[in-house]
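Sending over a structure as structure tokens; questions will come in a sec.
The letters A, B, C and D name the chains in turn, as written, and every chain counts its residues from 1.
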């Protein structure tokens, strides 16, 4: 089982990440999730700044990946999260899971995203025509944890 | 909303498919699933042959993608399934979903795979040191449909 | 005439991918089940192979229950549980 | 000495990313809640900002409930609900 987490300003290549994940020869299932900067519905988003808590972030992501590994039989878990300034359509976060079975791969990828959304110390600030504002946490993200309890 | 399904002998590029899916500017979430030929536990799998029902296969995949589109708000659904002879670690099937929200993207991708496994007319035959044999359908694949009913 | 296709293990065991069935061999208001019955008369081995409980049926390329009505010109197919993906 | 870090909107409103707190300002057997109380004394605006019910707390870079024990040398952090991903 391989776990790898990374926090970086640079972009990442989903293609390269998928290549790595698909090399696990006993893993018949690879699930990837990629989160991208969405345009605001009014189309006015210029950019988004991602702040984080250096040191804690990496530990939090590692802990989430380890919890996933304890719950499901996985071949590999990969998490990448970007920080700094991002523009619409840029990639923010990547979660990739390789497993022997698709149910485990899907569940683990969702579990990682649900916990990342609630437990990893990242904060988004949006810059638009209306100025800048901190993104508010969503109740739906907190509710998403319930199914894993 | 774009739906695209394809049945082909040629391999596919997850990188290219991801690129296409991530271009939907109001979709902040892209989930991909890729199924690969697994080594048998005894390591003796030489190859696998995938037979299908030409004509019905494409319709079945299209219908599954449309059902997913009716259940969740999706930007794009892409399904690719290979036929012919495949060797260990080769890619068999790709399902990619782009959506505004990750919950919809994850659910739709799983829904498509669960229905594909039970409703799309493909059959696998394994060729190993022990001769050839048709893969048996798994009860777990049928049970996976229950959660969508 | 009704065309019946077979796939995968069933195709191999019946030793043919296809069978044409004259509508005269079917009862009035025939269903997919009537077609299956008619095919089971072909031989002992066909009876055995076509009596498997897990066979799936498609009428005009749609999965259908056996009580589905069929008519001349339809394309039927019988096959084992699918194993793609 | 206990180091306290602030992030995101809270960092902006308190106008500092960090505050050092002398242990002498804390009660015996202090908890993260004791630290928070001490910080709330700094000013009216700090009292207001640090009284928000949704603040999260980390002790030594682990999310923790406010009743978590702290000791000199610990790194504490207070911040709004996280919004990454």
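Operating definition for what follows: contacts are C-beta pairs under 8 Å (C-beta built on N, C-alpha and C of every residue); 3 or more make two chains touch, one makes a residue touch a chain.
For clarity, every value in this text was computed on a predicted model and none was experimentally measured.
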{"item": "Chain separated most widely from chain B, comparing mean CA positions", "value": "D"}
{"item": "Rounded Å distance between chain A and chain D, as computed from the means of their C-alpha atoms", "value": "27"}
{"item": "Centre distance in Å when chain A and chain C are each reduced to the mean of their C-alpha atoms", "value": "48"}
{"item": "Separation of chain C from chain D, taking each centre as the mean of its C-alpha atoms, in whole Å", "value": "72"}
{"item": "In chain C, residues with contacts to at least two other chains", "value": "85"}
{"item": "Where chain A touches two or more other chains, by residue", "value": "35, 102, 113"}
{"item": "Those chain pairs that satisfy the touch definition", "value": "A-B, A-D, B-C"}
{"item": "Interface residues, chain A side, partner chain D - complex", "value": "35, 50-53, 55-56, 59-60, 81, 92-93, 113, 116-125, 134-137"}
{"item": "Chain D residues within the chain A interface of the complex", "value": "5, 7-9, 54, 58, 61-63, 77, 79-85"}
{"item": "Chain B-touching residues of chain A, taken from the complex the two chains share", "value": "13-15, 18, 22-23, 25-39, 88-89, 91, 100, 102-103, 105-106, 109-110, 113, 140, 144"}
